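Listed below are the structures to be examined.
Next come two complexes built around subunit A: one with subunit B, the other with subunit C.
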Partner chain A sequence: MAVKVRIPTPLQRLTQGQEEVDGTPGTVIALINDLDKRFPGMGERISEAGKIRRFVNIYVNEEDIRFLNAEETVVKDGDEVSIVPAIAGGAKQ
Partner chain B sequence: MEFTEDQLQRYSRHIILPEVGGKGQKKIAHAKVFIVGAGGLGCPVGYYLAAAGVGTIAMIDNDNVELSNLQRQIAHSMKTLGKPKVESAKNTFESLNPDVNVIALQQRISKDNILDLIKDYDVLVDGSDNFPTRYLVNDACVMLKKPLVSGAILRFEGQVTTVVPGEGHCYRCLFEEPPPPGLVPSCQEAGVLGAITGVVGALQATEVLKLILGKGDVLKGTLLIYDALKTTFRRVRVPRNPNCPVCSDNPTITELVDYDAEYCARQ
Partner chain C sequence: MTQLLIRRELLNEIIDHCKEVYPNEACGILAGRGGIIKKIYRAVNVDDSSVTYRIEPFQVLKNLKQDGLEMIAVYHSHPHSEAYPSLIDVERASDLDSAYVSIYVIVSLMHEEPEVRAFATSDRKVREVELIVS
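The block that comes next holds the complex of A and B.
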């Protein structure tokens, strides 16, 4: 049992359409670095210089990591990590 | 105000609900809702609010109806191709329900006009397709303490959240800053399954009616994420950010920001 990572719509291009991939237990930032190795380009979309970008949120089991231990939040087997970026579709204004 | 016989019939399925009743229906009739965007989300939101009998509905959008809109923007039709979207929507909503006064604003919303445009309204709805507008509407709502029901869609995904200034999070507590241009695709680039605009728009309309009625729990402090391919709704908690640049006790943004110029320059 690994960490379950939910990939948001705008990033599924990098995972060949997969909306859920396995992640490695450890800190969130290590998990993202590992995802970047397997899905090149993922890292820079989510983070910049080791920090999560400000229009992207990471949730561990529905809790926002900004209010846990931020990038150093530890995830373990069985946890569910959601990457949720801002989206803006609706009407052209 | 007293309801006419026709109105009692029209709203009978509302009035029979204990949570609405005649009193709630009158609240709906007196409510003033401002919808940003007359597109994928604005159409169903406006449609359901008009059907519900919301007394005044303002819609702002600068575009004309195009054929590629009709796959999802259900207030428009072949008859209104090429016409302003807000005029098209006004005709549709007022022919559905003559009780409703639709104010059609064919213009762009900007930091210079937004505060004046929205100041007399009770609830705001964001159905815009771009980040500059989304942050502008959020910031203006926080500054004027207006509740805001925000919805967004892309491909097969939808996001809905309700901002109640002073009580819960704001959009910047959720996402502090807009992404740089080009990093997040638009519907035009990435596509959208038309029917999901109906799902998200109906959720937004329901939130608006709950705010008007003061019933139930709105998506305050919560982001609802709809995945159409899996048919799942997920909720994540959105605490108020004590360091939020706009809604915290010591905000760093105290004037509206025009991200538009920056965006246009870089696109």
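The block that comes next holds the complex of A and C.
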């Protein structure tokens, strides 16, 4: 049993439309780096210099990793990881 | 999509939300099935700002899925400016990595009467979408 990674609609073009892919157990940042090897381009869209980008949220078993151990949060077999980019804009010119 | 059809009561829900959080920007999701809007989901503006909005959509996406609906468009308000996409709207919407949908509904509260318009944004180009209220 692997880690279940839920891919958001905007990034599914990198996974050929797959909504869910397998991830490797370990830290969240290691999991993202591993995803990038299999789905090139994924890493830079989610993280920068080892940190999760400001406009992307990651949840492990529905817990926001900002309230866990951030990028170093450990995921294990059977855990579910959701990658959820923010939707943003506004009136500011 | 060249037209967006919405029932008057759903449009009023959006306008009410925008008025309630004024002078801050309101934001949320128009959801439905087969392109027909069935429900409005209010979202929290994480920026808590009068000039920007940011939705962290984990919970709202979960609610949509549970309700068997899909995201059709995103709405937000411009408390003090026209109902037209700003530069930041266009940039963020053209950023493929955060574009769940291409249709954006903007509510301007700068005049006494709220003005609501819809736009399709992609590739840094803006095209108005006809908003049909029934």
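As a working rule, the second predicted complex is superposed on the first by the 87 of 93 C-alpha atoms of A that agree within 3 Å, B and C clash if a C-alpha of one lies under 4 Å from a C-alpha of the other, contacts with A are read in each partner's own complex, and residues count from 1 in each chain.
As a convention for this text, a residue touches a chain if its C-beta (ideal position, glycine included) is under 8 Å from a C-beta of that chain, and two chains touch if they have at least 3 such contacts.
Note that this is a predicted model, so its numbers are computed, not measured.
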First (subunit B), second (subunit C), both or neither touched by A:M1: neither
Subunit B versus subunit C as contact partner of A:P85, first or second or both or neither: both
Touching partner for A:N57 - first (subunit B), second (subunit C), both, neither: both
Per-residue contact with subunit A, leading partner among subunit C and subunit B: B
Which of subunit B and subunit C A:F67 touches, first, second, both or neither: first
Residues of subunit A that lie at the interface with subunit B and also at the interface with subunit C: 8-10, 45, 55, 57, 59, 64, 82, 84-93
Contact footprint of subunit B on subunit A as seen in their complex: 8-10, 19, 45, 53-57, 59, 62-64, 66-67, 82, 84-93
Parts of subunit A lying in touch with subunit C, wherever the complex brings them together: 8-11, 13, 45, 55, 57, 59, 64, 82, 84-93
Parts of subunit B lying in touch with subunit A, wherever the complex brings them together: 36-42, 60-63, 73, 85, 108-109, 126-131, 133-134, 151-157, 159, 174-179, 183-187, 190, 192, 197, 223, 225, 227, 229-230, 234-239, 241
In the complex, subunit C residues that touch subunit A: 25, 27, 46-47, 49-58, 61, 71, 74, 76, 78-81, 85-89, 92-93, 96-100, 104
